[in-house]
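Sharing a structure, written as structure tokens. Questions coming.
By letter and in written order, the chains are A, B, C and D; residue numbering begins at 1 in each of them.
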Amino acid sequence: MSVTVREAVFRLLRQFGIDTIFGNPGSTELPMYRDFPADFRYVLGLQESVVVAMADGFAQARGGAAFVNLHSAIGVGHAAGSLFTAYRNQSALVVTAGQQARSILPFEPFLYSAEAPNLPRPYVKWSSEPARAEDVPAAIARAFFTALQPPRGPTFVSIPVDDWERTCLPLPAREVASRVAGDPTLLARAAAMLSAAQRPVLVAGASVARDQAWDDLIALAEHHKAPVWVSPLSSRNSFPERHPLFAGFLPADREQLVARLAGHDLVVVLGAPVFTYHVEGHGPHVPEGAALVQLTDDAAAAARAPVGLAIVTDLALGIRALLAGEAPARPDPQRRAPAAPLPADRLTDSYLLQQIAALRPAGSVVVEEAPSSRGAMQARLPMLERDSFYTCASATPTAAGRPWPSPPLAHV
Amino acid sequence: MSVTVREAVFRLLRQFGIDTIFGNPGSTELPMYRDFPADFRYVLGLQESVVVAMADGFAQARGGAAFVNLHSAIGVGHAAGSLFTAYRNQSALVVTAGQQARSILPFEPFLYSAEAPNLPRPYVKWSSEPARAEDVPAAIARAFFTALQPPRGPTFVSIPVDDWERTCLPLPAREVASRVAGDPTLLARAAAMLSAAQRPVLVAGASVARDQAWDDLIALAEHHKAPVWVSPLSSRNSFPERHPLFAGFLPADREQLVARLAGHDLVVVLGAPVFTYHVEGHGPHVPEGAALVQLTDDAAAAARAPVGLAIVTDLALGIRALLAGEAPARPDPQRRAPAAPLPADRLTDSYLLQQIAALRPAGSVVVEEAPSSRGAMQARLPMLERDSFYTCASATPTAAGRPWPSPPLAHV
Amino acid sequence: MSVTVREAVFRLLRQFGIDTIFGNPGSTELPMYRDFPADFRYVLGLQESVVVAMADGFAQARGGAAFVNLHSAIGVGHAAGSLFTAYRNQSALVVTAGQQARSILPFEPFLYSAEAPNLPRPYVKWSSEPARAEDVPAAIARAFFTALQPPRGPTFVSIPVDDWERTCLPLPAREVASRVAGDPTLLARAAAMLSAAQRPVLVAGASVARDQAWDDLIALAEHHKAPVWVSPLSSRNSFPERHPLFAGFLPADREQLVARLAGHDLVVVLGAPVFTYHVEGHGPHVPEGAALVQLTDDAAAAARAPVGLAIVTDLALGIRALLAGEAPARPDPQRRAPAAPLPADRLTDSYLLQQIAALRPAGSVVVEEAPSSRGAMQARLPMLERDSFYTCASATPTAAGRPWPSPPLAHV
Amino acid sequence: MSVTVREAVFRLLRQFGIDTIFGNPGSTELPMYRDFPADFRYVLGLQESVVVAMADGFAQARGGAAFVNLHSAIGVGHAAGSLFTAYRNQSALVVTAGQQARSILPFEPFLYSAEAPNLPRPYVKWSSEPARAEDVPAAIARAFFTALQPPRGPTFVSIPVDDWERTCLPLPAREVASRVAGDPTLLARAAAMLSAAQRPVLVAGASVARDQAWDDLIALAEHHKAPVWVSPLSSRNSFPERHPLFAGFLPADREQLVARLAGHDLVVVLGAPVFTYHVEGHGPHVPEGAALVQLTDDAAAAARAPVGLAIVTDLALGIRALLAGEAPARPDPQRRAPAAPLPADRLTDSYLLQQIAALRPAGSVVVEEAPSSRGAMQARLPMLERDSFYTCASATPTAAGRPWPSPPLAHV
């Protein structure tokens, strides 16, 4: 009944719905690929920062975890920048890497990964080199479940090259919750604050998209006639950018951000930190007199927020709980005027993005890797559909072989 | 409007309801205590492992976080064993320690703590030495909120000695959720599994006590006529040990544990790992044919469980959700026979504990620090009331000056 | 008398003889480059693994330390693979990276590097984010001295973006030893062992080249008529590969390596680990009955060697000490037969390398980044001059703008 | 020919001259002690901070390495403060600790040490949990050699409980250099600076004692008629404190220290940092116009010194090299006046120490663990013989059962 570690791992991958392996293998990974099963595909990247970035986009678009296999210390090293981005993107990545054979580790051989679990830190949620070959499948299972727990993020398992041919028992299928609901008492209080507010405003972050709360957010905004801003530098699109309640993109600058929110007495941040800045700033984090409520799937973002009431919750469950609050009569907020079209007299990034917006097919997806043109993109290339905007580092998920079911890709 | 860092920190401590500081100070901590406010008490321990153990018991008994101040590298070092225990006990401890003055750190002075945030790792949930004096209060606030998030545990802030006299703005009060509810879909499924089971059994761990789910667990056990075992090496008492449904204490040995659970078709683990072993074992983790459901406030315990369905949740909220399931007619489980009384012919630990049980006043509390007599204690000194049993390392909370409101303490 | 941190750092760089900065800057590094001094050049790489690889080659070729400036967490991440290689190459690299402004670090801003000193670990010898802006120059000085101490390797300093405009005192010039001599008693014993040996053999590693002991090694080999093997996977050339005593390249395979050394009664390893393996192996590490002496500048390589007498020393000083031993009369060792020339009938890597060998100008330098063709290179492209072979990861030092004084570069 | 891991480890310990094990064992260490060999003694400490402090004193007094065995995570935790002290004392300690059985590590059992090699960091020089049972002896050997390399310090090996009964090959005896000589060029320059100085002064630190350079330092001081100060907070006695050239103890305060050294044109620091401060200070680190030379066995202390020429060397070898410089005619420095005797009218620490000085037998040893009485001790209890003063944390080496050959112990 016992099987090879390799067989146990592939069975496990199937249990997690994995049929794609992103990687760039070397000698310490090859035994994993002996008799490579026909129901898997291998997506090769020739530099590991690209490999992980592809997997990052794939995981975001698929909604589950992606599986990555890298080459020992050097491959994990090359990937560390993209691991940082995936960590910030809250992408569920299970990253594995080869290690030299256990018997020669004391001699620190060529390709030896010293303190392998420490190498990808601090940008992994969990990291391990199992003490025995037969524990590799369970470590990978734990890596999957951990990567998928909120807040999602990368995990790492280092696997000595001689482990794959050892035998072990296959793992039973099991299930681990990958979302939590907010504390009902606090959610009720937040709902009451929203009901009592004169001029509430919503700020939407990437977790709204990650937790599939697109419709819930629209419902909440409309219920309360609250304008919706996008949180600074959000890596996903969470609200239709031509909706009458769409207010625009908050800048990553404290004073400017507070100025945008001026006049509101309650700021409800949904699925974002409070706040992601990019430049130094001073003074308060919210307009004077305004209260703040944050719903987030990231306990660390809750703990470090400078102001307000923070509730850790799945965003879909959390927003639905807020919808239970009554909405008083409120005036319609002022509608945001769209930018005037640019004439075709100069090829600027703004013009280019405007034309892409005009020509892109419905259902197409935009992957951004040009933060310096983010402003132009926000102004000219509106996201109108759910799950149509992703931020990845260094690479595009197209190479991953259609993670998105079918629609064409507009890569910027 | 700006205040000293010291003043800002004491204001913050008051916001968190802290009136007690556990510590053992040295030169690098003294400026914190200038003009020590009259509404605080300082509980001195002469060795830091004792200081942290006192605070651990205090936090467990109080139900919130305890605040600790240690002496630079040497004090944190002495405390590291008790930090391990507090981490395992899921006690919310905010541990601070002095550091030499910022201006002389490059010369690695006497008492210098090199890489101070790394020293207490891996047994802290979060660790920091703020980049500026004025960020110390916010770091301590984050340390509190993080320590209180599930699973609770220690956090650490290193504070250079010259920071206390610097000025900063006082922090606004804020609130951060310290519990989450389980995914309602999975909880409903678990409730249905419980309803469908022929012979379910409950295994109760320390988080039932920590999350104040004592009554909820009794209700669930009675609703389903399910016997209740205590999970191996539980650090708290979670079920009345003379209740007709009380089944006993599971051993930390895989084969023996599975034997105890034989005959059940569903094992519901509430607030405990699956399972805490102490010796090597082999074979399955549950009886053949049995399913397992785990409710836990510890996402890591969920991710690494070897079998079953794991749901991350506050235990009180989770158990209440399970109570929604219907209970079929089931026979009364066999009642556990209490041990026959020991005659007064020899002074053994069992006899001693039997006499303590006979003589202890109602409402007294037992703090255990003798794992080798745990078996005797379980047999002879039953816990009948909620929150009457605590495991601490190396020290007893009595020294902390009545963390427990009034009842006498039976310290074993 | 006080200057900006930027001015102090550039003065310091001049003290270390630095006139070249390798980097890929972003917003968090820009203040460093305000009024960029005319006596420095900036070598831009568009991906950080290339930046560090260039600096690695530059440091190797120059013989001192190279200075690198990267972009915050993402840049250090991208560079981590090349840092691994530089660490293994024992290249003295001082790597700096930007960090967000100190005042906004508590909000974990965009580009924030969490636990910045931990990110490049374990492949840096020392890592720091100074507690104050004014300590940045001293941290960089320490990073230089540490990088240059044996065994050389990368060091890291994280620099908040707002530090560059602060003021500080310029640092005095100082000098720190960058080599040590071996214990004279042990070196004398090693010299006596060499004199007493019947058939000694030398194994030369990269530190012979790094410590400029090329002539010393030739003298030692000729003095004792001892054949010279190159240690497995050596990253530098340390002995003329057409010298009559040149024996060839040891394989990174234990059994094969021992077979090559069969018949010798003393193995003297100079400037290399004992031994760098690439595949699993079994049995002894030296031929039966043979003794082993290792001279190394790497204390860790000494501590972990599986057999023999290990002496930590600068290789030039160490080999000179060995030369003090008398050489008994010994027969000339058998001369290695060169490979027969390949005909021009197929374009293989071997043929290509043979033609490069035939056509390369004197004084040209070979940079290897193709380990899978290392065998062909060893067979067909012999290194005849000192300092003509370097191993770098992912990139060639050509881009660094002539680190080598003048001769042409043959890049393989 | 293969033996159990236990047998291989005891053979190895004998090779290192170890006959004493300091420890406090628990269940995870017991298999190590099965059939405990009669030629070893076990020194039990009931709290691990004491265990390590005893071993620290033992290692200092013996001059080699001491061997420690602790109980899993909790024991290593309790010991971490004393590890800090041993690290600062540069004591060669090989610390081992139990770990749970490899097969149950995935379940994070009771006593489980998570990331075991990270727990004692940063106060160990090397730390490992071997990948296989059969690699434990080699890891311990490496731990010994590393602990003994300059600068000496603690190392750590984590050993799963089931490893002791496995089989492996015994390790061959080998030898690794545990000292290095300074760069001869730089030492010659330093000697020349000393010869050219008008009024040189020597500052002696603990490494003079550690490297057994007592006689060499006396010779150097007398050769150059240079007064000798003790470096701030030195943990060992390095110069006879009634010698005519003995100048006193430097304070750990920058301005005061510089005032003590005023008038000298060359400061030669031997075996100490430049300098160990305890309070903030400002201004220069040496008197205006004075040059500084540092000889140290600690490369980190060399790299971070704020001024001067730093040479990494064994102190005995280094001081002998300095003795090669000619000494010009110089006036005798002023002799330090001893403190007037205290009358027997009050029992102060000064009086007590004065009486101890009067009554202590020749050859007795003083172990200090009261830094706040260090001043009184320096004034009243002079060290006249080599190796008679040690600083340890929290405990005295007496408990270790006579590490010192025979003389009585005066413990303060």
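To be clear about the criterion, contacts are C-beta pairs under 8 Å (C-beta built on N, C-alpha and C of every residue); 3 or more make two chains touch, one makes a residue touch a chain.
Small disclaimer: the values here were computed from a predicted structure and weren't measured.
Student: Check every other chain and keep only those touching both chain C and chain D; list them.
Tutor: A, B
Student: As a test of understanding: of all chains, whose mean C-alpha position lies farthest from that of chain D?
Tutor: For chain D, the chain whose C-alpha mean is farthest off is A.
Student: In whole angstrom, what separates the CA-based centres of chain A and chain D?
Tutor: 50
Student: When the C-alpha atoms of chain A and chain B are each averaged to a single point, how far apart are the two points in Å?
Tutor: So the centroids are 32 Å from each other.
Student: If you average the CA atoms of chain B and of chain D, how many Å lie between those two points?
Tutor: Chain centres of chain B and chain D, defined by C-alpha means, are spaced 39 Å apart.
Student: If you look at chain C, which of its residues touch at least two other chains?
Tutor: As it turns out, chain C has residues touching two or more other chains at 103, 106, 115, 118, 138, 142, 304, 306.
Student: So in the complex, which bits of chain D are touching chain A?
Tutor: Touching chain A from chain D are residues 102-103, 105-106, 115, 117-118, 129-132, 135, 138-139, 142, 160.
Student: Using the touch definition from the top, list the residues of chain A that touch chain C in their complex.
Tutor: Chain A reaches chain C through residues 27, 47-49, 73-85, 101, 103-104, 106-111, 114-115, 118-119, 121-123, 162, 232-233, 252, 273, 275-282, 304, 306, 393-394.
Student: Touching residues of chain C toward chain D in the complex: what are they?
Tutor: Residues 126, 138, 142, 145-146, 149, 172, 174-184, 186, 299-300, 302-314, 317 of chain C touch chain D in their complex.
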